[in-house]
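In the two complexes below, chain A is the common chain; its partner is chain B in one and chain C in the other.
Showing the complex of A and B:
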């Protein structure tokens, strides 16, 4: 018994492969769209995972520090160390801002960190950690900054001493880490004009320079807390809420805030697009297989005429459809993997998604071929000669 | 036998022809044989299933130079503020910013208003008081003379009474005269004392006013340079408000704030490099002159004063200070990026059989160029992960690459 499908494909393999590649690119786009959606959610989760915290302690009645502004005193971090179950605390300050790099504006999230405290990036891809107490920075590689480069943030120039990866804000902006004292200065200290203005208002008649000294701010946006093993995060969070009068979020709650509230609408937007794209792809796959069979309707009639059974014809169409799906999937997956890093925002391709995509493509192809098979089986053998 | 052979040959032929791979089938098979492993390789090495790319290093031996970094402002070591002791209008300001002054030099004058008149008036009061003393002296003399006379008269009357020449009544009258004269004498003495005290008081008052008047002349407390002029002639200066600031601009230092966790080992006499904000390319030499006894507990910084050669620096200028600490020869070290803090325990990720394993180490000093001394816990042949593409966990599969650059 010969493999009719194989023979037919080899007979006109160029056309078959081209169709497969075209289909593959469409599947690639769908997979990429799934990746864009996953990447968006992953950006939000990366923010949580990278902070290395179990609890976020923020100003009372706020959803800070990512979803709402929050300001608390930096000595709270020391108070919190006395709470049972708390292993380490670290002050952090977050500020989304624009910096100049290579004559271009780069949108970044400035993060103030304390050395060796929660909030410090867990891994670098080159360079070294911050060792100076001022004017050194770690930059995410997505910002386009290189080691040794100097960037100006407000009043001071910072040297990039290390590079990180996947350190992004919930909206995908690369993070730049600086010592907390510098970040406090950037966040709360005013520019020269504002300072002079303020001085003029408060010390109008006197001519005493420095009467209003720019007092360094002691505020931070949040305190990241790491727990000792064996303590329930919800219990420690409840105790901080009750006795310290500060809002405190666990990792699960923070994820809920970021994923379900902060990026909810845009993620849903992408997800909706993904659903429509999947439906359109499925429809196109079905049409391609249907028309491919319809193009061969005369040959199928001949087959019937020479006595080929229904099973042989159905198998031929099914095998061709599945083959097309397989080529499409391989091309799509390869294409998606290739072009995913070119996207400006993170595209996360999950093996599970690829697997699901594979099964969906196969099921879709099988379903589409069933329509084609019905049409093929209904053809009158006489049409082979009569026309 | 021959027939049997033929039969077998025929059957063989039949089998081979049935299952014969046509040329096309072979091509198809070969293509599949190449494409499927290629795709599988592609999926497992390029995508999310790939092992985490890392770079590794081994223990390095060499000299380590520890130093600390701080920021501060240039200040004069000694700075004096000149301010009046009483509120008044500034009548004269004799020096300006940048002028050098000597200790005791007159530098400003406060309008004395009526102080001169007050002084003249108090001198007049003194004069009056001395006249009053003269008057009281005369009165005292008179009282003494009266008293003497009254005593003598009384004695005489006592004698006369004893001989019964005068009545008791007359004697009593003389006794009264004598007592009254004594009282008058007492009053005159006291009156004189009061007049003397008045004179003293007036003199003291005059002294005080003269001193106050002297205070309207402000003099320099030290030899140095005027670094600030906060007021102008005609301004009202409140008591204690600064008018001028004088400092020795040849004796400068940078009041440097150093984070407490890096401040261990700082001592007077250590060499430092000072980078002024106005001269970023030219570091200046300095020496630690004083380590303040009290640290700033709020900002968690220690205050280190680093002396600086005069000339280029301006007071109040921002400066970055690097203070050299110890040098350790032949120390084992690792790049700082390799040393992690995991559950409050310092350690490194070792590469063992293609997997990452956390391993605790003991660390010594950390240098500013990103090296950490390893005092214990590692062997020279250990392969230590420095950079990684993702966060590592116990048992993460890793692959060594020369460098990680992919975003």
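Showing the complex of A and C:
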């Protein structure tokens, strides 16, 4: 038996392919939106994984350095080493800021780290780790910085000695790692006028008796903790919460904060876009298939008159709708793959989403074709006979 | 000729109900024998198309008897699928415009009918080629419909009507888009086919040029038929 759908497609292949390409671009946008969401989750997970920490110790009653402001004294890291199960600790400071690079503003997350301690990037794609106490930096490749380049951060200039990859904040800003002392200075050091004012205030004769002296230790945003093998993160975290009056999060808890809370609103936003795009795509497919069918109304009437059954006519329309969906999906997937790297934020296209997208497109096309099939089945074969 | 190909007795068709009812057919009688080409002539609104639709088993008459090859049609036991099969296997259609399927080539336009009836593709195509040769368009077997002239398209549509060797062909103004010479050729061709395949052919027409070629003519006016013997050169 002749495949009527195939013959019709071949007869009008140019029109059919162009329609498929148009639909494909829409499907490409839909797949990209899914990729944007996956990218956000992956960024959050990469942030946690790349830190190399088992626990995040932060200021009490806060959600940690990525979600809320947190400030604890940097000597906490030494105290925590005495806790059972703690193998290593590292002070970290996080600060989102703008820097100038190549005459452009670049938004970055400045991360203060202690060399060879938790928080240090696990691997470099080129260069070497920070070895000096000051003015050396590791930059994520997404920042656009190159090895040996010098960048100005507040008062000082830093030399990029190493490059990392996939080290970005939960907002997708590239990270620049500097020694913790430098980060503390950037974060907490005040300008000269502010220092003079504060000195005048704290040494004034009118100072109230019992007022607290200026702190001698520096502040950091969090202490990252690595555990000895065999110790459960939940137990050590509970112990820190109980004895140190600090908040302590396990890796799973931190992931929950980042994925389920921090990017939840963005995820819902993207989900809404996905739903709307899917509805728009379905409506467009339905309209295209309906129009294509209506253009063949005379042929359908003749086919019915000469004895073609409803199954043959329905199958012809369904196959065309699925063919359109197939072309659309291939074009959409290809387009998304090509344009994803051009997005400023990480777009992660995973095969599972593509597979789900493929089935969704096919189901959508099949459902959309039902309108055209209904219209075709209502065509009266008598309309092929004049009068 | 023991059994008429078509026999219609007192056929009526009413559209609508009550005050708005219209009687399109008011008692049509008609008998057509195998191998005969009969003209059906009448002005617009006389009931030609309604009669053709009843004969084509696409609309049900209100009353009366209609038999194809001795078998009564529309006697309350026919289902839609039965009528579809009846149209496919026992009635051929030739339209005013050829209405060929534009996305099939010439051969497949004809072979589609036997294929719908369950004939294997290769045999259906062989049958299509035979008919195309018989109608002198064998050389256009692989052409696209859009590449054919008007006359060639009408020949292909006649071949399509004959594809399942039906006992009856209904031709609705088949010569309307053709010039005199081609119109007469088509009628001559229909006569040859009727004789060769013993097919009864009803040709609905306004065409004054071809009316004298029919042996018998049915005039239809206000839903009633009147038979007239024609000069008849075709059958």
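In this text, the second predicted complex is superposed on the first by the 360 of 387 C-alpha atoms of A that agree within 3 Å, B and C clash if a C-alpha of one lies under 4 Å from a C-alpha of the other, contacts with A are read in each partner's own complex, and residues count from 1 in each chain.
Basically, a residue touches a chain if its C-beta (ideal position, glycine included) is under 8 Å from a C-beta of that chain, and two chains touch if they have at least 3 such contacts.
The structure presented is a predicted model; accordingly, all values stated were derived computationally and were not measured.
In the superposed pair of complexes, A:10 makes contact with chain B and with chain C alike.
Applying the stated contact rule after C-alpha superposition, one finds that A:22 touches neither chain B nor chain C. With both structures placed on the common chain, the touch criterion links A:349 to chain B but leaves chain C unconnected. More residues of chain A lie in contact with B than with the other chain of the pair chain B and chain C. In the superposed pair of complexes, A:229 makes contact with chain B only, with no contact to chain C. When the two structures are aligned on the shared chain, A:323 is found in touch with neither chain B nor chain C.
Comparing the two interfaces of chain A, the one with chain B and the one with chain C have residues 7, 10 in common. Residues of chain B that touch chain A in their complex: 24-25, 27-28, 35, 39, 42-43, 46-49, 69-71, 228, 230-231, 242, 258-259, 261-262, 298-299, 320, 335-337, 340-341, 343-344, 366-370, 386-392, 403-407. Across the complex, chain A is touched by residues 48-50, 52-53, 56, 58-59, 81, 84-85, 87-89, 93, 95-96, 99, 101-104, 108, 111-113, 115-117, 121, 144, 160, 170, 172-173 of chain C. Against chain B, in their complex, chain A makes its touches with residues 6-7, 10, 49-50, 75, 87-88, 115-116, 120, 122-129, 131-135, 141-142, 161-162, 165-166, 181, 207-209, 216, 218, 229, 330, 333-334, 337, 341, 348-351, 354. Listed in rising order, the residues of chain A touching chain C in the complex are 1-2, 4, 7-8, 10-12, 298-299, 302-309, 312, 380-382, 384-387.
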